[in-house]
Amino acid sequence: MKLGILVNEGPFTHQASDSAYQFTKAAIEKGHEIVRVFFYHDGVGNANKLADPPSDDRNLVSLWSQLAEEHGVEMVVCVAAAMRRGINDELLAAGFKISGLGQLVEAGIIGDRLVTFGD
Amino acid sequence: MALLHTVNKSPFERNVLSDCLRLAKDGSAVLLIEDGVYAALEGTSASDEIISRNGSIKFFALGPDIEARGLSEKPLIDGLTLVDYAGFVDLVEEYSSVQSWL
Amino acid sequence: MEDFDDDEFDGPIKKFMYVNRKAPYGTVYALEGLEVVLITAAFDQDVSMVFVDDGVFQIKKDQETTGINMKNFSPTYRALEGYDVEKVYAEKESLEARGLSGDDLVIPVEVLSSAELAELMDAQDVIVSF
Amino acid sequence: MALLHTVNKSPFERNVLSDCLRLAKDGSAVLLIEDGVYAALEGTSASDEIISRNGSIKFFALGPDIEARGLSEKPLIDGLTLVDYAGFVDLVEEYSSVQSWL
Amino acid sequence: MEDFDDDEFDGPIKKFMYVNRKAPYGTVYALEGLEVVLITAAFDQDVSMVFVDDGVFQIKKDQETTGINMKNFSPTYRALEGYDVEKVYAEKESLEARGLSGDDLVIPVEVLSSAELAELMDAQDVIVSF
Amino acid sequence: MKLGILVNEGPFTHQASDSAYQFTKAAIEKGHEIVRVFFYHDGVGNANKLADPPSDDRNLVSLWSQLAEEHGVEMVVCVAAAMRRGINDELLAAGFKISGLGQLVEAGIIGDRLVTFGD
């Protein structure tokens, strides 16, 4: 199955990003293809490489970057949502790129399912 | 063709489970995740929401979220099925589309 | 992948449903959700837009946001038709619970019962809820 | 000494207005702001929440939030008072402490 | 202003009440709220901590978060006593609606009725709700 | 009256920051003293100088900075909440500073009222 993933909230404040990460990882482990993970609304905060949580807590930004590196997952941050919230190219962690909302629509068209995680 | 609905909010805090069940057809499935899993508890003021549709809708809850919230030893509503993240993926594959009630 | 150019897109046509469930201004979901709908229309997909629960408040007429210093984006809903988004629905039960009728709305919508909306939702390929 | 309670969520979406009113004493005040102002509408499925405590609690709603949401011409619950941000400040001063129901 | 040093603080003692209304893990408010309470205790204020509505789930025992890869912070509530936070309450109505009793909780709390809690809330100088 | 203000959400996603700003401005115009505006949880996003909303929308980060400049309002961003969410000194807009949670407690002690805006 080809999956598109939409993440609407940032790390830490809502569990949405955690759930999306765990779901995406499980889907990859089962052999499914991740068409794209798209970060919208406050979800753009998942791409902020400056995130520095306490060492005894998970770091979702790093976890997403690792997932992209190990499995070639495409991770796209919405440019309009990112500009509003002060996320630009210089803040992007490894594996993330900034692009337009069309990338979300395209993930919906190409994928067999689009699964949304948010608040 | 039937939908998979996900609900991630506590039924004690928000009305979203009711909103979902108003629009969920018989034969569809509802997966409780995150704070949504509190709706899986038996014997609460919210239990009837699920019990009243039990049988016509398949109810699932995410086990890791149940465990995280200390609910493993509490009685859950009869007939509700626990799944892990891999089971969540299977449900997404099994149903025709996913509606996330945010 | 480069920025997507919809003129060159030659994929399948899918049924997209956008479910608007949040009130405007209290959160940004209504505004940013509308931006997604307008983009999708450019991809020549079969787009439905639904207002349900507090989402029906998005299209309440007479919005006047000067006092809260936020942008009044309700006129943008009138642009939907120009983008060929013609399948616009509101749920009867949601309107009634909130004391609203078609006269209260900034755009014409087709009013559906819960049962009718449930059928329509069931037939979609992609559902995105804001 | 009495409290000022603020409620900023729609009564159709969340149970927070009920939660507030369960713990709001007679003589306290409730100010509806942001999406909380939808509770000020007369003739909705939520109107009774305020009407049932009207008189024993003073109810206010933030005018700019009412106007933003296009509710200026809709009938509001009888006895409810509209204030602007300056009036919000006055209420904070008038009551002994503020509890924001988030 | 420099970082505040509580040893040098010589101000009034106020009644602070922290109202915990959110379930843990679904949002971060419970965790970050707890951090505020622990800091306040160091200021020698009169601190009350209340669990009401879904906040009572914060102190549900048996939390096991390995499966969601988040930090289980429920043991930290046991540290409250060591910080001299001794006024810890839960609302009876909230517990009952959720099928919980004192046996379900990770720390001992004083169970108050809505009416008793309303009185207590009324007597506070500062109320912060998470 | 001496007022402490607590802002728990970032700009744009929730109205909380707008409401807090309008309230704070109104309080100043009425002659009240703002002890401190404290930004906690996602509220730390209000200090991100990179925020670049569409030109026809308000820019809350700038509005807060102006308020601080014109009226000497002290604006403190919680260090722990900021680190989790990737806000550091280099991203701070004018008028904001990063400090500890004790600054929130102190605002509660010194102020006659503490008013919270959040989700």
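Note that the chains are named A, B, C, D, E and F in the order they appear, and that numbering of residues resets to 1 at the start of each chain.
Quick note on the criterion: contacts are C-beta pairs under 8 Å (C-beta built on N, C-alpha and C of every residue); 3 or more make two chains touch, one makes a residue touch a chain.
If you're wondering where the values come from, they're calculated on a predicted model, not measured in any experiment.
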For chain A and chain C, chains touching each: B, F
Most widely separated chain from chain A, with each centre as the mean of CA atoms: D
Taking each chain's C-alpha mean as its centre, the one farthest from chain F: B
Between D-E and C-F, the pair with more C-beta contacts: D-E
Chain A and chain D, separation of their C-alpha mean positions in angstrom: 38
Inter-chain centre distance, chain B versus chain C - centres from mean C-alpha coordinates, in Å: 26
Inter-chain centre distance, chain C versus chain E - centres from mean C-alpha coordinates, in Å: 40
Sequence positions of chain D contacting 2 or more other chains: 8, 12-13, 15, 34-35, 64, 84, 97-98, 100, 102
Contacts with 2+ other chains: residues of chain F: 8, 12-13, 15, 19, 22, 41, 80, 114, 116
Junction residues of chain E, two or more chains touched: 25-29, 53, 68, 70, 125-127, 129
All pairs of touching chains, each written as two labels joined by a dash: A-B, A-C, A-E, A-F, B-C, B-D, B-E, C-D, C-F, D-E, D-F, E-F
In the complex with chain D, residue positions of chain F that touch it: 1, 3, 8, 15-16, 19, 22-23, 25-27, 29-30, 32, 112-119
Chain C partner contacts - residues on chain A that touch it in the complex: 6, 40-41, 74, 80-81, 99-106, 108-110, 114, 116
Contacting residues of chain B [partner chain C, same complex]: 1-3, 15, 19, 22-25, 28, 96-102
In the complex with chain F, residue positions of chain D that touch it: 8, 33-35, 64, 84-86, 88-90, 92-93, 97-98, 100, 102
Complex contact set, residues of chain E against chain D: 19, 21, 29, 52-53, 93, 114, 117-119, 121-127, 129-130
